[in-house]
Every structure is written in C-alpha cells, then in structure tokens.
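Following: one structure in structure tokens, then a few remarks.
Chain nomenclature is as follows: A, B, C, D and E, assigned in order of appearance, with residue numbering initiated at 1 for each chain independently.
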Amino acid sequence: MRSDAKGVAAWFGRYLWSAWAGATGLLCLAAAWQMAHELYGAFILPDPLTTLATLADLATEPGFGAAVKETGLRALNGFMLAAGIGAAAGTVAGYSFAALRLMKPVVTFILGVPPISWIVLALIWFGASGGSAVATVVVAALPISFAGALEGVATRDRGLDAMARAFGAGPLRRFRDVTLPHLLSYLFAAWTTAIGTAWKVAVMAELLGNAGGVGGALARARALFDIPQVMALTVLVVLCALGSDHLVLQPLREAAERWRTAGQSGSVKQPWSVRP
Amino acid sequence: MRSDAKGVAAWFGRYLWSAWAGATGLLCLAAAWQMAHELYGAFILPDPLTTLATLADLATEPGFGAAVKETGLRALNGFMLAAGIGAAAGTVAGYSFAALRLMKPVVTFILGVPPISWIVLALIWFGASGGSAVATVVVAALPISFAGALEGVATRDRGLDAMARAFGAGPLRRFRDVTLPHLLSYLFAAWTTAIGTAWKVAVMAELLGNAGGVGGALARARALFDIPQVMALTVLVVLCALGSDHLVLQPLREAAERWRTAGQSGSVKQPWSVRP
Amino acid sequence: MKLRLENVGHAFLGRTVIEGIDLALAAGEIVALVGPSGCGKTTLMHIAAGLVVPLRGRVHRAYRRHAMVFQEPRLLPWLTARDNIAYGLACAGTPRRHRREIAAVRAREVGLEADDLDKFPPELSGGMRQRAAVARALAVAPDVVFLDEPFSAVDAGLRRMMQDHLAQAAAREGFCALFVTHDLGEAARIADRLVVLSARRRGIIDLRAIPDRPGARDERFVFDLVAAWSCEEAFAEILDGAGRLQ
Amino acid sequence: MKLRLENVGHAFLGRTVIEGIDLALAAGEIVALVGPSGCGKTTLMHIAAGLVVPLRGRVHRAYRRHAMVFQEPRLLPWLTARDNIAYGLACAGTPRRHRREIAAVRAREVGLEADDLDKFPPELSGGMRQRAAVARALAVAPDVVFLDEPFSAVDAGLRRMMQDHLAQAAAREGFCALFVTHDLGEAARIADRLVVLSARRRGIIDLRAIPDRPGARDERFVFDLVAAWSCEEAFAEILDGAGRLQ
Amino acid sequence: ASPAMTLWGPPAAPSVLLAQAVAAGSIQGQSLDFRVWRSPDEMRAGIAGGTMQAVVVPTYVAANFYNRGAGLRLLNVLTEGLLYVVGTPDAEGVVGLAGRRVAVPFANDMPDLVLRRLLAKAALTPGRDIHLDYVGSPPEAVQLLLAGRVDAALLSEPAASAAILRGGMAGKELVRAVDCRRAWQVATGAASMPQAGLAVMPALADRLGGEGLEALQGALEAALARVKADPAAAGGAAATALELPAPVVGRAIASSNLVALRASAAREALTGFFAALAEDDPRIIGGGQPDAGFYAL
C-alpha cells in the first residue's frame, strides 16, 4: 500500500472537505425541522436552537458523560459482537452450502421475531441491566452483517481464487488475500447501517428495560413531559450515530478501500478538483 | 439469458433440495426451543408442538386470514417503498458526491432517531392506523437499502462503464446494463434483511398503535398473558418473513444472478452433485 | 479528416506519458500504432475515443459513431456472447430481433460457432472472448473504430482472416481504424500508415505511409518490409529488449 | 518425469473438449502447446495444474512447487505491482522483507521500472500487467511453471528478452515449463518439444521434439522451421483460418 | 444479615406506600427494599424468573397469573381506583366524552379495559361515538393532549396530576373530566374498584409464613396511615424511585384512593370487579374466577 506524506495530506484534505460538505446535509435537515416546529408548535417539536441549547445545558450536568459512555459501551459492544459474529457466520455460510442451510433460518428467525416475544427471555437471561441492551443490539445488527458477508463471499472473484490456489495458498490465506478485500465493501455497507441501528436500539432497550444510560435519561425526560430534553437527547443519539460512522467506520473504510480509487484519475472527474 | 426446459428442471430440483436442506436448520432451531422450554417452563416458553397446535387453532378462527393479509400488505408496502426509495437515493448518492453529502446525514438521521422521538409525529401524520405502521417499516428498512445501493454503485466496474461509454451508451443505459447487475448483489443482501425487518416492524407498530392485523392479535394475547398464543403468532411472523424471503426474494435473486454460476462447473464442487 | 488530435498531452499522477501528439485519421484509412509496452498507446487511444480527458491539447471528431476493442475483452459477465456482441447495437437502439441476427453474422465472421453464442464470458476461451469483443465493435458499423491489440490472443489462421476482414471492411464500408499492435508484421500487412510512439521521447517519433494497398500485400513484401524496419533507428526502442533491462 | 497426464479427458456442460491426452514433462524441459483458439489448451493446462478436476484420467505430479501465468494477468487489484509480484512468495511463506527484494529483482527481469512497482493494477499498462504476472510466477522458483500465452501483450524486443530469459532459467534452474502460445515462431525458438492440439479431433494430433537447444537457435533456423511446419497437415487447423469461417 | 427483601411496585401511586413501608423498617428482622418495574414485560420476566417475590400488580393480572399456574397470590388491595380521563374543562362524565378524541396508552391493558367497559355501559361505541387514539405510553398521550391534538387522555396517578400541572405551566387548563372509580360505581353498582394490590410468590410466602405476611400487611397499613397524614413527605420519599418531582407525587396521593385492604376482606369487591372486566372475554382473568387459594391473607 502506498502511504507517503503527500497521500496522508491529500486524505486529510478530502476528509475535511467531506465533513464540510456533510454539514450541508445537516443544515437542510435543520431547516426542515424548523419548519415542522413552526407548523406543530413546541409541544410536538421544539425548535432546533432550543434543542441545542438544552443539549448544551445537559452536557454540563454531572453524570451526563457517564450516561453517554454507558450507552456508548453497550452500543459498541453490541455492534462489535454483531459485526463479528454476523460476519463470521455469513462468511462460513457463503463458503459452505451446508452451513448456509443451517444458519439462514436461524438468522431469519433472529431477524423476524418481534422483540416483545423474546424480551422476557432476554430479561431473564441478562437481567434488566446492560446485558439485555447489548443482546437487543446484537439481535438487531447481526442479521444485517450476516447478509452482507454471505453475499460478499458468494460474489468473490473465482478467477483470483484459482490464481491463489495455483500458488499454493491455503483456504485461510485465500480468504484473507482474495475474498476479504472484496468482502469488505459488502461489510462496510452493512456496518454503516448496523452502527446507527446499534445506538438507536441500545437507547430504546435502556428506555424499556430501565437500565440507565441515555435511554434512562430519555425515559425520565419523557415522564416529566420535558419535550426539549427529549429532543436534545435524540439529537445526541443521532450525533453519536453519525460520529461513530464518520469517525470510526468511514476512516477504516477509506483506508481499506483506497485501492479502489487507483487508476481513476484521468477518467473520473472529482467534484472538488478543478481541471488544471 | 439461457432458459430451456432442462435449465428450469435443474433450477426446480435445486429449489426443492434447498427447501429440504433449509428444514434442517429449522429443526435444529426447534430442538433448541424445546430445550429452553424444558428449562424455563411453559409460562415463559411453551413447547414447539403446543405452539404449532395453537397456531393451527388460530388459523381456523374467522378474521385470521384478514389480519395476516392486513399486516402483510403493510409490511410489503413498507418494504417496497423502502426498497425503492432507498435504492434510488443510494444509487444517486453513489454516482454523485454532492448528493451523497446531502443525503447521507438524512439517512443516518432516519436510522439513528429512536422511535419514541418521532412516534408522536407519526401519529399526527398518519394516525394510529395502518399508515404509521407502513411509515415505521419504511423508516426501519430504508437505510439498509440505501447503504447497499450506495456501496454497490461505488464499487461498480469502471472498465465496463468505459466500454459502454465507448459504444455511446447514455447514463441511464449504462446504469441499467453495467451498474445494475453488479448492484443487485448488494441490493439483495440488503433486501434480505429488509424484508424480515419489515414483517417484524409492521407487527410491532400494529401492536403499539393497536392497529389491528397480526400485531393487534399479538397485543391482545400478550395483555392476556396467553403465552402459547403469543408464541404461535411469533412463529407466524417468522414464517411469513421466511416465506417472503424464500418465495419472493430468493427466486428473483436466483433469476437475476444466474450468470454468476456460469463457468464454475469444472472447478467448484457442488455439494449435491456426485462426481460421475 | 474524421478524427484529429491536436497537440495532445497527458500525465497520470503528475508523470507525463505523452506530449505534443498530432495525428489525423482520414476516411477509409487504417493507422497502426506501435511502440514499446507502457509508452502510452492505450492512453492515446482512450483520449482519441473520448474516454480520457487529455490534460493538454484538443480532439476534433467529425463522425457519427465509433466503436472500440479494448486491450481486455471487457465483456459484460451477465450477458451471453450473443448479447455481448449485440451490445453496441443495443446502445445504438437497434431492435432486439434485428440485432441478434446481426450478432450471429458478425460472430461467424470472427469464427465463433452457433453454440458458443449462448455461453457466458467465463465459459468462453480467451481467444473467443477477444473475438467477441472484435465482433461487438464491428457490428455497430462504426465510422471510426479503435482497436487495442485486437488479435493478440487468436491463432495464426484466424488472425490472418480477421486482419483481411478488417482491411476489406474498411475499404468497403469506408470506416477508418486506429489500431494498436505489437506485431510489426500485422502493421505491415493491413495498415495504410504507421505511427511509432516512443516511451523515452514521450511522443511520436515516426509516422510513415506504407506502400501498396492493405490486404493486397503478399507475405514476401511484408517480411522484407519488417526486416527493413528492423534496421531503422525509429524501431530500435521496440525491437531492442536488452536496452530496457538493467 | 515431473508431471504426467494419463488419458485425461474433460467436458464442460456435457460437451467434450479434450479426450485421451497423454503427456509428460521431464525436468528442465520446455514444452510448447499450440492449437487453434478454443481447442482446450487453457483447459488442459488448468487440469495439469490441478485447478480443474478432469472428468476422466489422472494427473501425476512429482515436484514440490509449481507456478502459473494465466491467460489474463489475474493480479489482485488491492495490491501494488510489487506486492502482486511477491504474492507467490507470500503464499510460500517467504518473509516480507526478503520477498520484496526478490520482487524487485524479478520486476527488473521483465522490464518493469522501480516506480511502476508502486502502481496498482489499473494504473499499469496491459503489457505491464502481463509482465507482472510472469514475474510473479518466476519469483517463486518453481519446479514446474505453466504459462498461458505469457508474452502476447508485450512488444517484440521485450518478448525476445523474456523468451531467452525463460529458456536460460529453465536450463539453469532445471525447472520445466508447459507453455501455450499462438506464435509458432515463439514455440520454435524456445521449446524443446511441441504439442499440437486439435479442436476437431479433441486431442493431441502431433507431438515432436524440436532439434537443437532452445535459446541457441538463430533467426534463420526458426524462420525455416516455421515455414516447413506451414506445409504440414498437423498445423493446417492452426494456420487455416478460412476453413473455420462459414 | 440476610439480603434485603425487595418490594416491587408499578410506576404508579401504590408505590408510594411501598416506599413508606421500606423507609419504616424491617419484617422479621429482614430489611426491606423497594424498586419500580417499568413495563409489563419486566414484571412478567421478574415473576416468571423468580426475581420478584413481592410485587404490586393490577389485581386482574394477579388473578390471571394465578389461574395460569404461576403461583402468584394476592395479599391485599392497595388502591381503589387511580384512573382519570384528563381533558379540557368542557367535558363532564363519560357521556361528555361523546364525539371527542381520547388518547389511550397501553392498548388492552387495565386502563383500556376499564374505559371500554365504561363506554359500553354508556352506550358509546369506539370509532363511531368517540375516537380512541391508542398510543404506546402515557407521556405520548400527554404530549398529544398538551399540543391540542386530542381532547382528553386516559391517565393513572401520578401521571394525571403531572399532566394537569404541566398544562398549568403551559397555560392550558386541564381537569379530571372523568373519575373512573366514580363512573365505575355508577355503571356497575359496585362499591369500589380494587385496581391493584401486592401479590406474593409461593417461595416468599412459605419463607415468611402466616406471621410474616401479617407483619408485611401491618407495615403497609402503618405506611398508609403515615401517607395519609403527610402526603407531601410521602411524595418526597417516593419521588426518586418514580422519577417524578416530589410535589407532583404528593399531590397525586389525594386522588389515588390508596388503601391497604386484606385480600380476603376485599374478596367480594374483587370478584365483582373481575366479573365485570371479564364479561366479554374470560381469558382476561385467566379463564375464570380464582379460587380461595388466591387470597393469601
């Protein structure tokens, strides 16, 4: 892999630019929100500025950081378990027809069972604490990861696989060198969704399971009919989801998929570059 | 595309085999269920046979078919909206950097906002009826479809794209002929997850909004602590999810991806074939 | 002039590949482009076809339709050989039935048999894939056709047939062709003009007409011509491998 | 005998491609495989390399390690040219540092320059990709090497260098090579033995030793040999294009 | 010392009594502890999994569990009605709801069942004479009410008090349009509406024995007296557990009809209540009236 100072600088520039461009989308969203606020009133939807002010207030409260950290740990633990198990199981299923037949119904089962049907079991197994929040996240995110890995392995390049075989590469090495780089784009598509889901589901599980964290704060705010605070916490969750995608997943993806941009300099016009 | 009588017969044979093999997975699941039942007792988890008997009883009740149909319509409408809009938006975002920057935060927003934060808005917009169930499904499934389409378009084969350009193909034709067949594998990975999610979410929305359908029946059974009936309805939902995946999506996928198996006859051992 | 390149230059990632290229193609003319591997032949052809926007210079096109054979076959993996050959026609809007007929005819011209037409690209041999790509390009009845080493993977007999076919078709249908080859004999057989690119000098170092009509030259003539070229300075870079290995 | 094919036959989707093939490779020997496009050369080579399980017959291998140059370059798109060339070594477990050194040496042998080594495959020219694939195969110091039209996309000068390099390496390092080519001259220059496949007869129709040591034959000799072959029945299928076009 | 005995309460007014009892001391030398369950699922998991040995539940839920063999027995009744329809001042009584939109949280749960019985007695058909908007939880109902999207909301205490207070802060006058207990009495002729009570699991009952259960009941009766005597202080004691401001809880106590009646003493009222609730669907109480074993004290 190429990695010189110039490359790093270019990457960083691109990254800053993309953050700046991303703000556009967020501002459009804020405008729509403001409009809805004016239509429905503050009881249904407080305006963005009030919400941000409330969020700033909240952030100074003691225990706020701990709550965010607690929820974050649950979301990320759940995500990592789901991403790991899902990708591993999906990979195995992609290689082996028999494994596919065994696992697919189990995954559809995990995917299709409405939460209320298993929440009682989860509560008994994991207690009404963090454990069941993590389990809920895993259940929500695992099938996404599984389906991505499955399809990624199934669509690997058999020609390259044969090449590696001809050079005596064992199954593990072939997986690592030939299938994985291809698989990654499927996995990143899945994981982008999964990490957002993880935050949302962790908060909902905390809220329902009475397990503290941001969800607990949300439950309290709601019980007090403090709608601005509810919105502020919602914004917090969305920001966390955005943050973990853009600060964790996307840089990883950039690094892993840098080869994809190779050879495109001449034929593809990049929107931020000016023709010299 | 090749499609002769022999091909169809082979396809059907494969299909039957895969259904049979799939049953293995389901039976393993049932065994695990029976074990859990014996561990926790009927009040937490009725055994599979009782559940199936209850389901059979339920099926004979008047209004059962109508409820399933109602939920099914909501799930499928929501799924189709989500799959359509998500794929379209993801495709546009995959082609255009500017669109990506505008849409990505919006989609992360849709993905990351906990349901309780927008449920009131949904109630106002769609009423506590089918509309909000469909909206809930759309919100749940759209980001999955979006992320898949985005990644699929981003990883398209630029060489083939250049080829089509050299033959004067316009952007639409290039999308249809070059990008779409590649994109489909990403979309099917996403849609497999999305359709299962659709059923589950439709039922949950009905349950909370008391909007009839299977969710309404589930809500009632749950309030009465009629656990066998809850389980029976759960099994029903899972069967519906399995069914719409295996009877609708997978055949479509098989048909669209048949080219992928081309040229693999010699090098890949197919598990159901015996070396002649 | 159907196609005219004016002072074209290009660089990849800041490294100049070609510079100051002036080149024109007249109707019915076959121009062979030769040069050492990596000297920018493919790049030049992509610029001429409008697939790469050159950093310097301009390309003037005065024709309706062009077609291209890439250095790799670039067949669509999800289409059968038949549909791949018909793909250019599909882009041009030919009705389905009609284009399948044309595809069958063009396939025969490059030696593909009827039952090869239902195969998908991975089921074709390497030569068959290349021939399908050639058939695809010629099927659209282009005014200008770009061919990037179009016959490198086919056997001697078929190659000769396809060379003759190209020369005849160009004469008959009046299209012009820019074709890249590593085989000087091939250039000597069917080109009207020869363009020699240099990697060292990053541009055209020789441009000459070949006597006689293409397709009408006999073996002896071609052999002698290539033998004569071998002694010239302009071809030294192509023919001297040792000079390029450290 | 390093490699022995015994009565090998194969069919794709019920259509027989090759039948009753018997072939053996001795140490240090270069065997050229020629035949019309689509006759099953690639298939036979894949069977010999164990990539395709033949429907009939057996393959006996008595060596440690083989390497292969496919008809397409088959470089890993996510690795640079350097890492691609070193890939075979990586599979063999050579330490990272050491294999990068070997890769650099092998790259020079096929005319790749130092700054080409940091390019990704789409940034290489077609010929460079093919040369990288050759370098990758030779880098592992194989006992048997399979080459499927390895020099089809490189220019005349480099091609000659690489042919000589292969012949010398085979003699020096004692590996044997099975190589497919469409260029009879190439076969006549560097092969010890020639195997001619037929599409019509689905098998070997001729198998002959070529006089003299490979690499030591001069131009004249090669030209005369090819000219002599042209008149023989065994080569008719390869050299006669017209007979195969309807 | 043995680990504390935990009393579980609902996120509603009867938990004030539990909080008081816990603050007061111990039973048979075993200290007391008090926690709130948040959702019926948590409660069911707690009962089925054995982590909740003494828990305040709606009385019909206790009957249902008992009849389904979960072993749960009712110790006493802790409230005789804490449900209100909170709305704008212009609606009075059940018939006053005709033609209005009412937000109802928790479809098929106690509030919904009670309201539907009341509507049936008043000859109002949901969907035709009155519009019921089912929502997922009380806060949503209040949000819709405050935003003027519905005319009334069915709430239990202390949510009803909180809503009225919140409405006052927002300049919106809200009143208890229907006192469901009163309406129930009118509609069914029953003397009371025994809505919720403390239920115990067999394991705990066996461990405590009759004496222990008596002691528990005694503690609750004492707690009731203290709550009645000083609602504000009682509200403060329960505020943290209920996650509501102390004044709200304090104000809610007056309208919560808190009692501490032995189950056997309330048996007649309970059977009447069960009969009325299960008129349409006996499965609501698990198939039929629970037998005498259900009444633990």
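Here is the rule we use: a residue touches a chain if its C-beta (ideal position, glycine included) is under 8 Å from a C-beta of that chain, and two chains touch if they have at least 3 such contacts.
Just so you know, these numbers come straight off a predicted model, no measurement behind them.
Averaging C-alpha coordinates per chain and comparing to subunit C, the farthest chain turns out to be E. The highest number of C-beta contact pairs joins the chains A-B.
Centre-to-centre spacing of subunit A and subunit E amounts to 40 Å, using the average Cα coordinate of each chain. Each chain gets a centre from the mean of its Cα atoms; for subunit C and subunit E, those two points are 86 Å apart. Distance from the subunit B centre to the subunit D centre is 48 Å, each centre being the mean of its Cα atoms. Contacts with at least two other chains are made by residues 12-13, 46, 51, 72, 122-123 of subunit C. In subunit E, the residues touching two or more other chains are 44, 48-49, 137, 143, 149. Shown for subunit B are the residues that touch two or more other chains, namely 40, 44, 116, 120, 124, 158-159, 162, 207, 222, 263-264, 267.
Here subunit E touches subunit A in the complex through residues 11, 36-39, 41-42, 44-46, 48-49, 51, 137, 139, 142-143, 146-147, 149, 159, 162-163, 166, 170, 243-245, going by the rule given at the top.
Touching subunit B in their complex are the following residues of subunit E: 40, 44, 48-49, 61, 64-65, 68-70, 107-109, 133-137, 140, 143-144, 149, 281, 283-284, 286.
Touching subunit E in their complex are the following residues of subunit B: 40-41, 43-44, 116, 119-120, 123-124, 127-128, 207-211, 219-220, 222-226.
By the touch rule above, subunit A contacts subunit B in their complex via residues 18, 21-22, 24-26, 28-29, 36, 40, 44-45, 96-98, 101-106, 108-109, 111-117, 120-121, 124, 143-144, 147-148, 150-152, 154-155, 158, 162, 185-186, 188-190, 192-193, 196-197, 199-200, 203-204, 207, 215, 218, 222, 230-231, 234, 237-238, 240-242, 245, 260, 263-264, 267-268, 270-272. Contact residues on subunit D toward subunit C in their complex (touch as defined above): 12-13, 15, 34-38, 41-42, 71-72, 108-109, 111, 115-116, 123-128, 131, 148-149, 152-162, 182-184, 237-246.
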